[in-house]
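In what follows, a single structure is set out as structure tokens and then discussed.
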Amino acid sequence: MTQNIAILGASGYTGAELIRLIATHPSMRIAALAANSKAGQSMAQVFPHLRHLDLPDLVTWEEIDWSGIDLCFCALPHKTSQEVIAQLPAELKIVDLSADFRLRDPEAYKQWYGNDHAALAQQEEAVYGLTEFYRDEIRGARLVAGTGCNAATGQFALRPLIAAGVIGLDDIILDLKCAVSGAGRSLKENLLHAELSEGYNAYAVGGTHRHLGEFDQEFSKVAGREVKVQFTPHLLPVNRGILATVYVSGEAEAVHAALAEAYAAEPFIEVLPMGETPSTHHVRGSNFCHIGVTGDRIPGRAIVVAALDNLTKGSSGQAVQNANLMLGLEETAGLMLAPCFP
Amino acid sequence: MTQNIAILGASGYTGAELIRLIATHPSMRIAALAANSKAGQSMAQVFPHLRHLDLPDLVTWEEIDWSGIDLCFCALPHKTSQEVIAQLPAELKIVDLSADFRLRDPEAYKQWYGNDHAALAQQEEAVYGLTEFYRDEIRGARLVAGTGCNAATGQFALRPLIAAGVIGLDDIILDLKCAVSGAGRSLKENLLHAELSEGYNAYAVGGTHRHLGEFDQEFSKVAGREVKVQFTPHLLPVNRGILATVYVSGEAEAVHAALAEAYAAEPFIEVLPMGETPSTHHVRGSNFCHIGVTGDRIPGRAIVVAALDNLTKGSSGQAVQNANLMLGLEETAGLMLAPCFP
Amino acid sequence: MTQNIAILGASGYTGAELIRLIATHPSMRIAALAANSKAGQSMAQVFPHLRHLDLPDLVTWEEIDWSGIDLCFCALPHKTSQEVIAQLPAELKIVDLSADFRLRDPEAYKQWYGNDHAALAQQEEAVYGLTEFYRDEIRGARLVAGTGCNAATGQFALRPLIAAGVIGLDDIILDLKCAVSGAGRSLKENLLHAELSEGYNAYAVGGTHRHLGEFDQEFSKVAGREVKVQFTPHLLPVNRGILATVYVSGEAEAVHAALAEAYAAEPFIEVLPMGETPSTHHVRGSNFCHIGVTGDRIPGRAIVVAALDNLTKGSSGQAVQNANLMLGLEETAGLMLAPCFP
Amino acid sequence: MTQNIAILGASGYTGAELIRLIATHPSMRIAALAANSKAGQSMAQVFPHLRHLDLPDLVTWEEIDWSGIDLCFCALPHKTSQEVIAQLPAELKIVDLSADFRLRDPEAYKQWYGNDHAALAQQEEAVYGLTEFYRDEIRGARLVAGTGCNAATGQFALRPLIAAGVIGLDDIILDLKCAVSGAGRSLKENLLHAELSEGYNAYAVGGTHRHLGEFDQEFSKVAGREVKVQFTPHLLPVNRGILATVYVSGEAEAVHAALAEAYAAEPFIEVLPMGETPSTHHVRGSNFCHIGVTGDRIPGRAIVVAALDNLTKGSSGQAVQNANLMLGLEETAGLMLAPCFP
């Protein structure tokens, strides 16, 4: 049975990526598209790569008739998202791609995002959207909070290791390299081609990136004690892809075994043979995550490298995967697209 | 009913692109993969982005058991291709992606490619693979010759105009910009990242590019007289995409009307509204071709711009489209993937 | 003797390029830097790549003390430039990099730029800044109008051919590919890395680009009759470089000879051996222009390809070259930097 | 007085970079260029960006007349370099850019490079070429061993910290991102534009990169005890630039102070204000190194980020800097070129 889908925030990159994925999804149909700043325009104007699709024109989210909508993806900026979601029908199934419902503790939310939360009721019922670890809760959820793209990458590398007790918890270092689409379609000088291409840099150095809120929450929960990682993101001159290089204390074999076991049945997580390392080239445009483990020449140290596409597995692909579960569909429906290489 | 597919030359970019497309094709199944230089390796070794697929290991083409194979894609280098195809089973359906069977006249072949043709019988039965213009012949063909990627782009822009008689035939200029994957996975100095990125250049200037053989053959055939165009390809620091900027004498309105009419029912060719221009960004990774028409400030002159992805609509997507016809499948099966942007 | 230099518009790319060149200029010293929107900031904040230089902080142009300034580079946006220059000291030597003083005819200016000119007195005295063709006038000029970067490239390819009478004047086609820095440091969606990289497109198709005003003025002047070319610029995912592919009717040998003769003594223009084609890779970051000529397979047709760096020879390098002449310095002073490859 | 310079290995990227720098050097003149595989060719053929220079044609190194040569840059592959240098005149001043003379201990050399050293006498007299730390020895040296480009970057970040005793020595992590020109002009599949652009990956993970030999040697020497760091290089789709993100235990203020003090008088090393982070964009094409320090939210942890251009400060610029010292010239001569941005 075809499910009717609405997308709020359809003029951004995660919105466009949702449409790209749903375009070949066997059981979803786009019934409404909203983008308040571009309401009235066609998708062919806003995203010419979607011009072959028969899509509804953009409207404001207030104009949407929610009767008949089975699920809504909310790809709005954080803060806006909570304000809008507070006003949507109380029974509507929602996958939110913003940061607004990721943190369980309103205080932690305020600490990282700077404002009081404006939709506390919804926040309370939200389920954290890291599918592989919250599958059962997501299946029954009304509101799922998509994870941060960096947060997803780091957790894929580390959660099974913390759970299995095979690494030290006090010296984890997460050096992460992220593509520019992670910053969205916003007009900032450092996102211009002339500023970004042909070079790279670290940013939010020293533990100030907001995705640390998710790492703290989730790693501490898995460990049963407080875990704080060091996390440095870097901005790379590439459009899609996150590579996390994670330094841990532990035996490489045990690290590899814990990951291999945790993901043995997962359709989207590929643990490479011991000693091989992944590349963002090989997951581009897909919902797959590749993870590699290597031991260091220094005994008792291991390196875990994880790669995924920030727009797909890191946000919109994850969102569709969660929606599939919420709608009782096959979890992989519409998501088996092979990576686009070269 | 699932069709069993063999691919020869699976370690090159067009081979990988065939696998990417077939991975989500509803009626094709990859039964054999050959790459003589890498026989014995797994596809995960040769193309790690395909590691999630359950694919046969690479073998030599001589090792393939052809019983049970419904269709073979031949993605070998030109000259090798004709030698191999001459030895394949006489009834086997083949889509060849090389240059070997594109030119009808063996003399023209020798002129452009420098050697005598080694498979004249097969050459005679081959059908030129520009689907939109040879659909009926392709449906009944045993051997289809995929077009050059540049040749396809130029023909999509020009064939309807020549056929409709709306442009002059003696002053056509085709300035074409091509991505580097068109040159294949070959180890040449000018294809290195350090040599190619951050710059661009023309090549094969002055009418020496081999795809001119196809232009001469096809345009003269459509016109019923000899037509020779000026054609300058440029190599751009991008992995996928061809943009052809075509300068013609003629009225822009008539030019636009001829294209709009010719492609009105085509699922993969989008003629943009008058005055809009396409971009390779918006067809990347897809089987779509976007075409725009603009009149010049100089009366009687028009510019046609066509964009497609050289690996998809320019070669492997076209090949799957042709195979669909040859196998009695839906022409668009497996090919409706939306472009991957950004 | 060291010349004191002021730069207005120092926070843009052409401003930064002027500083880069002057940094190693033997006879120029930067005495004042203005950028009204960023007044009060240091150059290290605005352009960290210049942090090693001992530069004055940014001020508003109104704050500059003009006594002691020998020459002012004006790198402001067009329209702003004419308003500011009208208020600068009447004796001050100025090289303007904007479009404001390029067109001799105020009507033509209004036609292409849409507004009445606000500094007609200055416009009248301005000399067109294409150094190789206006050297003597520039030497004695007070105000020199830097050319458009595309306009410079096209003129380097075509002026000697029109002057020598070796090409037809009614079918010239100028297909030009330009790097993104030509669009400046402005916050536009299509200039974002995620939008521009990995693809390319034509723009201002059909004869609407403003640099046509310069082509019309200059080519008609050289020819002694009206000359209108067809001109299509393309935006490429590269930071620096313009490549012009020019299609002309004429004998390639005569074309090559006319160029070789015209530029025999020029320090910055390199005419390649017959049949070779230039690349933007090989002029990046330098004041050099490479030009190649090839005959076509169609008799009587030739292709001229010219490459230069839009920020250097196309604007700021040209500006320094002109300033050298105006100040009685060696024309090549500070400009012999070799291209930066790879 | 002009010094006559020979360059062996002039057809590679470090050779071309040497020529680029010497092109505007006030006291050096290129007297001989050797590249055995391309002997007989002109530099315009091998590197068209150098065509404006009046350079000798390429010869084999055996053909060079050494009388009159003041200094030789040897930019040959490692192993070849030691074989050639063993045969050069015993008094000739040499700056070697290969790995052959970096390691003091022949056993360490064999361990990292796999072969016995073939020029032990020369190895013994060689001085390690990290100018800022070996300035006096270099001034009097006959043979200077240029450092690895990664090795230079890591040492600029760490040497003053180890010397000052402000960081722990047993948990240093060096996550390094390197541009592709560091791999040279070699024809390898992973260096192709189509393979490398639009993605990135770690390599030599786990302590296998040869530059670790230099780190071990130098850091242990500075510390007076064995120091082993964890070092993971990453290959990025950019032509120039290295960014090292270094994780250390220590107080950020003390770390910043140690760096600021160590480099206070250095012309090429810029320590940024506390909390700012450098970018490879801002050192491209120059001999500058930018270093930033930030404290982490975790007490007692700091992050040092260092950026330089691998071809300039990381190899050929360093080589010219050393040659300046060896020849009694101003250390900064020819090296004050500002970075090329954008």
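Per-chain residue numbering starts at 1, and chain names A, B, C and D are given in the order in which the chains are listed.
Assume a residue touches a chain if its C-beta (ideal position, glycine included) is under 8 Å from a C-beta of that chain, and two chains touch if they have at least 3 such contacts.
Note that the structure is predicted; figures quoted are calculated from it, not measured.
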| Since chain A and chain B are copies that touch, is their contact same (over half of the numbers shared) or different (under half)? | same
| Is the C-beta contact count larger for B-C or for A-C? | B-C
| Centre-to-centre distance between chain B and chain A (centres being mean Cα positions), rounded to whole Å | 36
| query | If you average the Cα atoms of chain B and of chain C to get two centres, how far apart are those centres in Å? | reply | 39
| task | Averaging only over C-alpha atoms, locate the centres of chain A and chain C and give their separation in whole Å. | result | 45
| field | Shared interface positions of chain A, touching two or more other chains | value | 13, 181, 194-195, 197-198, 237-240, 278-279, 281-282, 284, 342
| said: Under the stated contact criterion, what part of chain A meets chain B in this complex? | reply: 13, 16, 19-20, 23-24, 47-53, 181, 198, 239-240, 268, 270, 278-279, 281-286, 288, 290, 311, 336-342
| remark: In the complex, chain C touches chain A at residues 13, 180-181, 185, 187-189, 191-198, 237, 239
| field | Complex interface listing, chain C residues touching chain B | value | 171, 173, 175, 177, 194-195, 197-203, 205-208, 212, 228, 230, 232, 234, 236-241, 243, 245, 247, 275, 277-282, 284, 292, 294-298, 301, 303, 305, 307, 342
